[in-house]
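Following are the structures in question.
Shared between the two complexes below is chain A, which pairs with chain B and chain C, respectively.
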Partner chain A sequence: MKLFKRKNKDDLYLSDKQPLNFAGKINLSLIYIVLISWSIVIIWPLYQMVVSAFNGRQGQYLRLNDVFEFSLEHFHYLFSETLYLTWVKNTIIIAVTTAVLTLIIVSFTGYAYSRYRFKGRKASLMAIMLIQTIPSFAGITAYFTIHSIVSDLVPMFSRQMMLILIYTGGSIASNTFILKGYIDSISPELDDAAKIDGCSNLQIYRLIIMPIARPMLAIIALWSFIGPFMDYLLPRVLLTSPQSYTLAAGLFTLINDFRTINQPAFAAGGLLTAIPIVILFISLRKQLVSGLAQGSVKG
Partner chain B sequence: MKYDEFLYDEIGNEYERKDLYLLQLAQLYAKLENTSNKSEIKAEIKKHKQSKDKHDYNLKLKAYKEEERDFYKKLRSEIKDFSNSLDKSISPKEKDLKKQLFKAEKKENFYIDYTDLTYDAEFEYKKSKLIVEQIPEIIEFIESGRSDLEKLKEDKKDIDENNENQIKAEIEKYKTEQKQILDNEISRIKEMRRNNRISKKAEKNEIGELKIKYKQALKLKSFDSKTRTNRENIKNKEYEIKTGLKQKIWVLKSDIADMKSKTPVETHQSVPLIGYLTFLLPGLGQIINKQNIKGLFFFILSLFIYMIAIPYGLGYGNYQGDGISGLITLAEGGMRLDKSLIFMIEGIIAMFLLILALLFIYISFKDVKKVEKNRIRGIRPNNWFETNKKIKDEGFPYMVSSPALFVIIFTVLVPITTTLLLSLTGMDPKHQSKFSWVGIDNYKLIALGKGLAGEVFWHIFLWTIIWTIVATSLAIVLGFFLALLVNNERIRGKTFFRSIFILPWAVPAFISIMFFSIMFSSTGALTEIIEFITGKAIEVKSNPTLTRVVLILLQGWLGSSYVFLLSTGVLQAIPEDLYEAADIDGATSWQRIRRITLPIVLFQTAPLLVGQYTFNFNNFSIIYLFNGGGPFNTSKYGNLAGSSDLLISYIYKLTMDNQYQAIGAAITAIISLGLMFFAFLGYRNSKAFKEERL
Partner chain C sequence: MKVTLKNIGKKYEGREEFTIRNIDLEIQDKDFCVILGPSGCGKTTLLRMIAGLNSVTEGDILFNDRRINTVSPKDRDIAMVFQSYALYPHMTVYDNMAFSLAMRKERKKVIDDRVKEAAESLQMTEYLYSKPSDISGGQRQRVALGRAMVRKPRVFLMDEPLSNLDAKLREHMRVELVRLHKRLATTTIYVTHDQTEAMTMASLIVLMNDGIIQQAGKPEELYNKPENIFVAKFIGSPTMNIIEGSMENGRFKSTDGIISIGPSDIDMKSLSLYEGKNVSVGIRPERFESGDHHLDKFDCTIDVVEMLGKEKIIYARLDNDYELVISTPGHYEYIEGERHSFGFDIDALHFFDSDTGIRIN
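For the complex of A and B:
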């Protein structure tokens, strides 16, 4: 029994890890140094952006400035002199519509591909996989003309709607794949039980599959919502007037176009745009990543 | 053999033929197969066929048909009389059922004499029998339901108002009592919580339970009121009648369908001809097959084919183009305002519409032919009840995917086809509105590195490959390394580091890139810092090598975050006992990483990492937003591209800024095919695709 007897309170080593030797301690401090310096590498540019957005002593061009004077003038400029709010509104409209459309279409195709064995299934699945590798800019030359052809038939059809359709069409393939993988993991016995109870196909979709697949649907909706915020190329090609720009295209005019250049205002706008997205990403990072991983493992 | 001696149903059961004429014919054909004296039998067959109209059986059949016609004529007027004699007050549903019953009774009586003559009569007889058996029950169900309902409504009038008020007061009293009890209980539980006897969660659950109990007690009590009970009963009864009726009719219909599949059909037809004769007009064949509702739906497809697809393909209703022929002429010799590109795209749209039209024609043709073939074998065509069920079952995946198909055709397939065709034309700054086919000239220029745009292709291609490999690998190595470090069990502040390390991923990339671009400009913060450290004014953005290095580093900064996130997730999921086992076997920490961590992480994230390579291959934003593809070196890259341009930004400049659309399209086609090829290799070998479940 002596073996287990407490000797001295200070000698008590409570961790189940081995105590560190000298080399281990050096190793550990090296790790800390690497981690902290990388944190600085990440934080510093972002910190610069925040500071310049609030620094009243910045002119049209940003420079490294020792003098800091808190001011909201760049935000004021952003709201009064530029079309920032219009861009936000445009982006949100496009993003929401894209997310809703994608969700409706993809939830059906994902369900159909997961649960039904129909003619042409394997071939079309292969086609879907190949289509999703073609970047959406491949049709760049045609988008413009297709828009003028359709808007001749339907005058309501605006360039932004064209953009929404392109985003939706581009995301159908990969999202169908991701959702199919997820629905595959839901036991088909649930469907069978529902069928025996007299559910129609549509009822199984609505009452059984969709509620269970909700986490993945949320991720798909989120990704399709964020997509238009991130994309620069297509709005740049398709949207011609600043009134119709999305955030990415609009903010770029603040650093690129010599008529409207105002770098601190860009920093302010970038900050305002980034904050909600950063909060969204950090709070949902596990779900977002698991969604991606799911799709790929099944793919 | 043209006729079989027997008839078959869907599952292959044999049935005797009732048509004696056909039976004899079939027997003759059978003899023909087995005999050496063919000519004699052939003559016999010919004779048999010639005497078709005089054959005993056919004469009987003709008489039967005439009688049937008379019967129907009579039946129609009888039904009219019957429906007039019906009570006006009953519901239309019931009236309809009664009429059906009346009709079925008459039919049963008529057809019973002919069941041995032909399967059609047998079918009608059995059908009527089923109806006669089941409809009275349905009518009774409706009537009893109605009388119950009326009784309930009658009861409503008898409810004593005073009594009701009394009960209402009673309920109110009961409610306050229960409320009192509830409040007491809740305060008791809160008291328990205050004394720390139960946990917060338990408190919440208890209170929730009590509230539910309280609500249930009130609801139960409320049924003391006769008005309330009566209202509830009426609601239930109405629902019962509605669903019960639906279900009973469904049962009747499935019984009929079941019986139908066991009753064969006989026909003189021996080759499926209708399908071939009517394939041009979907819907017609179905109607000839007596599948009227199905035919109607196919007629709608016909409308699409003849009102939309074909006129559009011929050039009617086009925006400017000329349908399919516009695809060939490309507006050559057209008016001054005619644009070749529009002609081309409308031609492609017309092509897709026509493909759809052909598909519809094919489906309809197949459908008609199948029904015919089945009928020759003896299988009765499906009625609408069965077709509808089948469409809902088997057609479901097609119906729900059709919107996706529509969107993909117009936003993906048409544009991509356009690009593909455009690469075979000579669209350049001098030929913007009118251009013509030039074959594979553009591809030749690119392959040989000639011409204005082709010269720089290989330079850019090389840089794109280097960029893709180096930038992506850097990000992957960095991200994995950092994840490994943070995951060390002795490190504190994991959440802090993890939150910081995902910032580059969370901040929209275009914002970070634009801001870095500002900081690297001639007056920017980073330029000044570099100058401060090295003592020389170095302008990154005007030095090709430096720009490239900075771009790669920047992508490392941006991309490592994502890899960090992915590998952290995988690392956390690796079971601890693997490492313990390795420790016991005496593995060093490097061996643990190499043999356990690395394989697991790589295996799980491989597809996503491959995705990172393709993403960077097409990473337009970082190149375009950082330095616009520059710095520009006209002696090496000409006027069209800068030294940091990737293929994708080069394509953008060619098509958007400089209007060399054809060359741009050719490059797009090349890289798309390349990407598709690699993706195909990857997917073909992936386990998921080989598995049956896919």
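For the complex of A and C:
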């Protein structure tokens, strides 16, 4: 109702923008049409996924526009007939370890690049930037070699650990850059003040810089947590047994392998996959919002 | 605590030249020492070296008689107030003030007492639990001071702490700082580029330029007996007038011959060696006099009159277009464009060697 009320003659025009003329209005409606159709493209498959996941009338293959009948049988199938819970466990272990490792390493590198002057600082920063452009999949033969060498020495070293190393290593480069930029914007006088107050270098980071950089650290944590959920290629290639699969690789067996195919269960699994990410997102929400906003200004 | 600097020099990594060099200075216990200088003269570098934030390239820094060159900042028993205040944005005012004591594992009770005491003396008690972002610039400045106070350090270091405040507040804080200094009875080293701050607060001014000390002394010494032309021009507002010329037959003659001054007998003693040489004479704006009884008068055209209330600043032009700044009491009438003649207070003349810039009399 508020929308129409605004048209009252008595109301003051409060916007700082010039009132729209005819061409402007057409332009605006075109933009809305594009945006709305874009959202439909994104939302429609998601909607279909949700509906199919709960639709008891779906068989082994998904059929659209089928009759809807509420049922949890696909979820049941997922938990009883597949290794879904193992995959969830694997993924969460990998994701959490990746996020924690990334945070720790990036904290050190970002802080060091921002606050210390040392030989090769610029050169190594450039190298990091260039290395970023190479997709991590390009090193697949190297990964196999590294893994076979290390697992010869340390039999404990599993394929999953290899995966964690790859994810962590891949995210260090870009995140170091991001965090360095963020810490650069924190006044070095704070470091000096802390030094006089009696902090060691590590304490300066832990007590002063880290709390201030928390929004950016939250984003880095979220990104590196989401990474293992999204990636299909590396786990598919590196992990050999379904026991060790991550969610993406595991769920994929439900749609591409004729022995195990069950598309509605895939939809149900996909739906459940979102839960850990949503939980993390909600718990980091406060930090994330301020981090995103600040990041947009400070680059 | 007495702070002694012995032949201090600093060269930054990757620089060709020394930033500061040959600094010799003795700051007595309970002195309010102001390090003054234009930007880029190395004054902040010097302060940071005393704080231990920058390393000492050469020379020694002594606190009392202890050499502290390699002592880390936290063990020097100092506290520093930064230009940007450097308050920790994620902590409350209370935590900011308590931080340094907490880092020293002081007992909670002691910390609480000290913080409350500092907050009270700075009238910040009601803001103790606000975040720095929620209080005004002047209050942040007080927090920064309070943070330094709770430590009860033996040396206070301040790096242009008033430069972010508005003019009115700055004037007020100037007095507050002096009061604080007297009450705490510590040694204070204060860096600024503002000569008014230096003149009003210091018991010892150290004027630096180009990385060396130009003159160190009491404010009145720097004002009344500047050792060289740089000091003469830097101290005092409006700036001292410098007229170039030479000594001829015991009289000072300006280069174009418009101004001719017969120096006083005392000045003459030291000036006699400069007969026929290039000499510059400096005179403070307020030391011009009008009246018929003066001997060495000159004519000028009044160009601009600045009314400041208690005084008028006159920008007068000589016939050769040279500009003199003259300050007169505010109730005197001067009209722009008018011709006027002024004389000198010959006891207040400063003579400098034009070639070296060093004071003669």
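Things worth noting here:
Just so it is clear, the second predicted complex is superposed on the first by the 228 of 299 C-alpha atoms of A that agree within 3 Å, B and C clash if a C-alpha of one lies under 4 Å from a C-alpha of the other, contacts with A are read in each partner's own complex, and residues count from 1 in each chain.
Heads up, the rule we're going with is that contacts are C-beta pairs under 8 Å (C-beta built on N, C-alpha and C of every residue); 3 or more make two chains touch, one makes a residue touch a chain.
The model shown is predicted, which means the values in this text are computed figures rather than measured ones.
Once the two structures are superposed, chain B and chain C can be ranked by residues of chain A touched, with B on top. In the overlay built on the shared chain, the residue A:K286 is in contact with chain B alone; chain C does not reach it. Applying the stated contact rule after C-alpha superposition, one finds that A:T109 touches chain B and leaves chain C untouched. In the overlay built on the shared chain, the residue A:I212 is in contact with chain C alone; chain B does not reach it.
In the overlay built on the shared chain, the residue A:I33 is in contact with neither chain B nor chain C. Applying the stated contact rule after C-alpha superposition, one finds that A:G139 touches chain B and leaves chain C untouched.
Contacts of A:L190 after superposition: chain C is touched, whereas chain B is not reached. Applying the stated touch rule to the two superposed structures, the chain B and chain C interfaces on chain A have no residue in common.
Residues 13, 48, 51-53, 72-74, 78-80, 82-84, 86, 88-90, 99-100, 103-104, 147 of chain C are the ones touching chain A in the complex. For chain A in complex with chain B, the residues that touch the partner chain are 17, 20, 28, 31-32, 34-35, 38-39, 41-43, 45-46, 48-49, 61-64, 104-106, 108-109, 111-113, 116, 118, 121-122, 125-126, 129-131, 133-143, 145-146, 148-149, 152-153, 165-166, 168-170, 172-173, 176, 184, 200-202, 229-230, 232-233, 237, 248, 251-252, 255, 263, 266-267, 270, 273-274, 277-278, 281-282, 285-286, 289-290, 292-293, 296-299.
Those residues of chain B that touch chain A in the complex are listed here as 319-320, 339, 341-342, 345-346, 349, 392-394, 396-398, 400-401, 403-404, 407-408, 410-412, 414-416, 418-419, 422, 482, 485-486, 488-491, 497, 499-512, 514-519, 521, 523-525, 528-529, 557, 565-566, 569, 604-605, 607-608, 611, 614, 618, 620-621, 624-625, 648, 651-652, 655-656, 661, 664-665, 668, 672, 675-676, 678-680, 683, 686, 688-689, 693-694. Across the complex, chain A meets chain C through its residues 117, 187, 189-190, 192-199, 203, 208, 211-212.
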